[in-house]
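Listed next: structures, encoded as structure tokens.
You will see two complexes here that share chain A, one where it goes with chain B and one where it goes with chain C.
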Partner chain A sequence: MHSADLASASLAALPVAARQDLRPINKALVLAAGALLMVAGWSISDGYISYLARLTAINVIVAYSLNLLVGYAGQAFIAAGATFAIGAYVSALSMMKLGLPFLAAWAAGGILAGIFGLLSSLPALRLAGAYLAMVSIAFNVVVEQILIHWTEVTGGPIGLPAIPRAELGGIELDERVMLALIIFIAVLTVYGSAALRQSQWGRALVAMGENELAAKSLGIDTIRLKAVVFWLSSVIAGLAGGLYAHSMQYVSPDVGTIFASFNFVLMLVLGGIKTSWGPLFGAFFLTLLPQLLSDFQRYHLLVLGIILLAVVTTAPGGLAQIIDSLMARFRGAIGRKASLGQSAPANISFAGLDESVAVAGHCELVASAIDKSFGGVTALRGAGIAVRSGMIRGLIGPNGSGKSTLVNVITGFDRADAGEIRFDERRIDGRPSSWVARAGLVRSFQTPRMFSELTVLENLLAAQFHRSAPPLVAALFDLPSSRRTTRQAIEQALGLARAVGLEGLVARRAADLSQGDKKKLEIARALAAEPAVLILDEPAAGLSAEEATALCSLLERLRAKGLAVILVEHHMDVIMRVCDRITVLDRGRVIAEGTPREVRDDPEVRRAYLGIERANIGAA
Partner chain B sequence: MSRDGQPVKPLLEVRNLTAAYGSATVLYGVDITVNEGELVALVGSNGAGKSTLLRTISGLVSPAGGEIMFLGRPIRQLAPEHITRLGLLHVPEGRHVFPDQSAEDNLYLGAYRRLRSEGRKRIRADIEALFERFPQIAERRKNLAGLLSGGEQQILAIARALIARPRLLMLDEPSLGLAPAIIDVVFDTLVHERRNGMTILLVEQLAYAALSIADRGYVLSRGTVSLSGPSQLLLNDAQVRRAYLGEERHAFG
Partner chain C sequence: MRAIRNLGHAYAHARLGSIAAFAVALLGQLYAPSAAKAEDFTIGVINAMTGIGADLGIASQQAIEPFVEEFNRSAGTGTRLNIIFRDDESNPQKGVAAAHELLQRYRVNMIMGTNLTNVAFAVAPIVNQAKIPFITMATGSALIDPQKFPYSFRTNIPTDLEARTLVDHVVRQSPGKKYGLMVDTTALGQAGAQAVRNALKAHNLEPIAYEAFNPADTDLTAQGFRLQKAGVETLFVWSNGLQLAHAARSFERIGFAPQVFGGFGTHQEAFIRLAGPAGSKWAATIYRGTTRSENEPPPANIVAYYAKLKSRWGDKLTTTVMLAAMWNDMLNLVVDVVKRSKGRDGDSIKAALEDTKNFKGMMSSYSFSPARHDGLEPSAVTIAYVLGVQDNIRTRVPGMP
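Entry: the complex of A and B
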């Protein structure tokens, strides 16, 4: 009870822009709009208009399923036509050849499309971007060829005519009821994808799409997350295929060609990828345009090509961007003025820190005798480092001495050639990076790896995904448990934003932060993943003297709370002030280890790293 | 009059410059001048708009208002590559090396515009001189730049800019992520280049170190120039010392 009150109070304290991203969806409005659309659909008696409405609504469903996978999750898998065809054929054949009732047949189509989706997620574990797109085209071609050549089952190039209509409880659904059902599923899909985007799942998906390495470093299990989103997107597209088969009563391999897939992708690009209304615009546009141009069929593709070029070159965000900017112009300058004062000065406060950082139990990390080389270049030779709770371990050395490589090896981003890493006696070398992060070793990156399109707040929320993911069903339907996890995550995120001085910027897109603020967000985000061992790679680089001092206070507080910290840094004042012990690397070897004073006075360290004069001044 | 007794010629003049990212205004009417042969330091806290100012001058961000004159001509409307061809080179934050080419080839690419007029021999001599100055990248000259450490990439990006011999070099936090001993080498190099006639606009978080080698300095805070003057004066200004130099002096003096 108490924590819920706190959470809603903190939600009210958020800047308007941040609150808008997190406001719950108005379910009554969705229900009313959905009901209205269904009645409108039901009342259509004209056969041609009904056909267009069914086709449009089905394309809306597919476009939104693709927005989850290609948009939010950033996976360039573009074989939605194939998935759609699998759903359509399996559903039709299950009724025609196996005699299953409609609901069972429809579900079978969704299940098989889901299995196809899971299979397609396998190449995505290794490939991304253009390579993944190529593989998906190959997948699509395979499905297309099976549909064309397995004539005895699929009917070959002619396809399956006379597919039975959908029925419920033995009562056949006529065109009007079928349209209402399709509209119902379309509204559900639009609602579900909006709810998912606003949940912790949505933030994790976008985080993975924006920066997979950073997502892994925060403990997000990207293998599982990819499987889930491929599966979910494919099930939805497959179910849309089933609706198509039983309402059009005819399918041919044309629905599953690579060109059909491109058409779905085009809906997304033209409408506005990653936006909440873009897929809707795109689906309407690309379904209805060919009908409007049916008198000029020869020029249909030409017109489409010109429109696509015009939209993509003037508004890469698609129709949604064009409509957004028109709306903004309509609303006038009021909105713009309100958001001007956002760059508030950094007010650093540790008030919320105690609640926002979990107290770590005792732990110890020991890496020893680590060797690592990259194609002939030796980065580490027998290097080692150790840290335990309540201790700050400095890691210094010349540029190129292997500091970041050691961090990469410890956190599972690189695999050591030799040596062992133990965390509380348990071997963790060879484990994948997201596993290591979930075990409690969280690192930051030297060059900030932001989830650029997410706000500062959402960056911090995404980092809590591995601890605070609601069940997928709760996220899809915006159930109370999903909203509760978000509220609790916000509570912690705000405390951390305050502790690093980013509170005034929580609603700012991470891409628009200054370099120094990005570094601060890296630190806060690593803490949001609740580490036992916090590994910071040059956190003070780009910070002013004042900010570096604040960083020192933060690190001292974290140490007092029992965190173990490994600090890679060149700022010698930071290192000397906060470190309990320091390890010095040079050319991949440990050349010194000891207290700050011992290390500073070490002649080898002075020669290799500090330079003689500087060490003298530092000692004075 | 400059220190050498030559008449002062403004190379870069920025007047009343305003810039914004979307709805957030970052620069509010900034005026700065960089004269031929000067090393000018631009300091200020994080988010003050230092990087945005450089990005606006080099054409990466289009300004909302104001004027930018380089070599006496307005460059506000020009594309970034056009501005670079005029001899104004910007080394942005974040080590933008060509990762799939060797360190040495990165340097040759930096000298791309000099190759035709001066020939490969001259360029090679200059590259060898740079390698001598920065031995840690000389050792890795045949390695792909993407495999260099963060700090080594930073040095490579600076070296690649130096080899281009621009009329005006704008560096954004060259010290970022460098070991203390290397920072000294980088700053020494800038002093050396200035002595050889290069004009430099230096943005640095290490305000003390930057002002120590600069002729003049500007302090940017919240998108406007709050202080400017000869760097010795700024170094002794109580306000600057308190706000920007802080404890840095003890570590980097």
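Entry: the complex of A and C
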């Protein structure tokens, strides 16, 4: 099947979220909608409506910036209020105290917010989830306190009144032009964030957010990626702050409180986190609803709270989910449901494998004399393993013998206490896991680590990020180079999906796969990263007998193509059939090494691993 | 592929359509006409009904509502007052939103309120730009400046006047003491700190110790301990009643019992209810009209006014009589101004306000001019103990007329 046909065939069967990913953005539509909105904004003469429109559009910008960081990248850094305030204050002060023109002052606000973002990515290198959220609250409080107490500069709790309006070339922008400008930036932000999400960057971000370990194992440089997304999100929020300062002409520390930050997070959660329209809904809802409820006076917060509770509990995906399901009902979901019921084809065929797996030249991996202990427990004692191109090395041993630890040490997920690892004569021990993966050592995990919210196809695309990332600017504006990388990545991904028998499921969310299919996806995904050495941790677990046989032939073909494979496996039939040489570990030591026949006949192996009684060996 | 693309576009269109419909529905709501009739005089009142300033905002409403009800009952076919309340959530940004709404959606004739100084600072430029009179109850001295804010007026006691009254009294009554200063980190506290420092400076004095606290703090023993260690005998404080009640209790815990003087925010109900005996040495500025000396009977008009409020609100009454009387004066002044004004437009009302001479209120007589937008007579301010309240009348400290 031609790949484009395949894509359309399977995409038609898709939940919207997955299909969206491959749909090119219609730039003409965006341009037309943007122009229309700007004209609409410009034509508003009512001061109150203009004020609300400006506020809403600014909140839209911040909500989308937060969707990049907290949504796609999954970083629970919720101090958007602080970044917003930095942009607002710096921009205002640059104009008021330094006399900079508007554009320079505005840019200065964005730059300082970006620096704050980079700084705040540092704790995110070590922390995640609730811990990171706590740190971000602390960051937020620090900024807030500086704004309150550095009175000479920030004006203290009273803030900065009478901030000059924005101007261009010495001409002051009135409210209407300002609104058009803000709408322009908001449209650009919505477009840029959609384009980014659809690019290889977007998939890498979501992959990192879903499963950082797996992302690293595929060579995604999560340190750099975090720095980029923190920076980008902060710059956008900072620029929104600048627009706020020069259009409202007043800022006080209240714009940067932790409550302001929570409000932005709430827009995201209420609208639908990680969705492309959710932040828009959330920003509209949370900006305009309090105004509609203002007649309720002191009960309006209560009413707002009840509405929020109702939405979040009935639709965890937020307003976007509610609207999605309404739309689905509108269109009639009959056809979709039928096609979603399709299951995977029973047989694995390896058609297309040859085009989709590229192998580098000859290579050799040698790990020797590796020691590793965790506290008092010694996991590895002088263990070693070697593999070269065109060879399958089995790594076996009883449970707890140190197989997975050895794999972790080789791939940089654990650091060895002693010993050395050389890849093509080059020392690679001590290198971070994503570096090791980019060097060509790619592993799978014993328990599949999926990017659960991504489709099968996107899982495969994300694995190609380190080879196929377009420049960030190209991704943000959906430039041809970004499209090209995505297109090429899709070609290869579809080939790999076919190779492991997942072509009928490319559009399914990885979370919805069966255990066996997850295993297949992990193999395909590791291959998508174009390894020189493929390290598979129990790939046959969960596969049927036929599938295990198919796996064997896949491995044989990979060997024929010159790949080096380390196979950790309990499934003895698989090991004995495909391995050229086998290393046996027991209690952290290598107790045997040799061909399958030699290992099978080794008495110590039989005793330690194959479960043959001592008496039997004696009798033999 | 094309089919998919079309489907995708159709979907995107439908989705954009739903967003547009949503936005139009919301905007339609916002455009809904207001209920006010042309002959009404509409006042937008922006106050904190939630957040740190909520006490004052809610108390204010308890004074405004009975006034308006009674006025409109007796108005017959004449001008009626139409009040639109807005909650600023103690947040300047929300105050700005409320001001825009009141000015541009409801086209109010006047804005009153903003009990918090920082909210008033945010709202003042917008109201002044709209050329609508703004009578603020916030006390920050810089809020009233006929050059900068030609449409801003105040009948309430400005912070500078409070600080001067306190410091002059303290220096006169017990010279040579060691003075300390403790304020919260809000605009109110910061403005108070500046005013006290200025007033002390006029006597060539300065505080020997300074402490600031977050308005959300409930434990102020650390601040108290440092002030005590510095040897502070007389302490000036600037914050709201609730926060200061926490301070009084914290001081009591560590046995720190200086003579304390504060602004009239100290007199809030929250302090009286929560400070306990720890607050017995606390005194603060207040309208003279709601006080008595130790051997005087309470002023009858205030007692009667308070009784009326009590019968209207019962147990729900949280307003102090001085706050209620202040609003009563403000609203009576507005009624008088509307009567004298040539028209309902901002400039006519402003001119009539500036033309006010010796308008008699319960708390003071008020005079304005184009150069004077703080209308209160300085003699209307005195100092009284915060506790020991009878019939909501406070007892002046010895030495204050």
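Simple rule for what comes next: the second predicted complex is superposed on the first by the 584 of 620 C-alpha atoms of A that agree within 3 Å, B and C clash if a C-alpha of one lies under 4 Å from a C-alpha of the other, contacts with A are read in each partner's own complex, and residues count from 1 in each chain.
We adopt the following convention: a residue touches a chain if its C-beta (ideal position, glycine included) is under 8 Å from a C-beta of that chain, and two chains touch if they have at least 3 such contacts.
Since the model is a prediction, treat every value here as computed from it, not as a measurement.
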Contacts of A:45 with chain B and chain C, given as first, second, both or neither: neither
Which superposed partner A:374 touches (first chain B, second chain C, both, neither): first
Touching partner for A:514 - first (chain B), second (chain C), both, neither: first
Contacts of A:446 with chain B and chain C, given as first, second, both or neither: first
Partner chain(s) touched by A:400 [first = chain B, second = chain C, both, neither]: first
Partner chain in contact with A:547 - chain B first, chain C second, else both or neither: first
Chain B versus chain C as contact partner of A:313, first or second or both or neither: neither
For the chain A and chain B complex, residues of the former touching the latter: 335-336, 339-340, 342-343, 346, 374-375, 377, 396-405, 446-447, 508, 512-517, 538, 541-549, 570-573, 576, 609-611, 614, 617-618
Residues of chain B that touch chain A when the two form their complex: 21-26, 45-47, 51, 93-95, 136, 140, 143, 147-152, 154-155, 173, 176-182, 184, 205, 207, 222, 243-248, 250-253
Residues of chain A that touch chain C when the two form their complex: 4-5, 7-8, 11-12, 16, 19-20, 23-24, 26, 29, 33, 46-49, 51-52, 55, 148-149, 151, 156-159, 161-162, 248-250, 252, 254-255, 277, 280-281, 284, 288-292, 294, 297-298, 300-301, 323, 326-327, 330
Complex contact set, residues of chain C against chain A: 1, 3-5, 7-9, 11-12, 14-16, 18-19, 22-23, 26-27, 29-31, 49-50, 54, 57-58, 85-87, 89, 91-94, 96-98, 100-101, 103-105, 117-118, 121-122, 124-125, 130, 140, 185-187, 189-191, 212
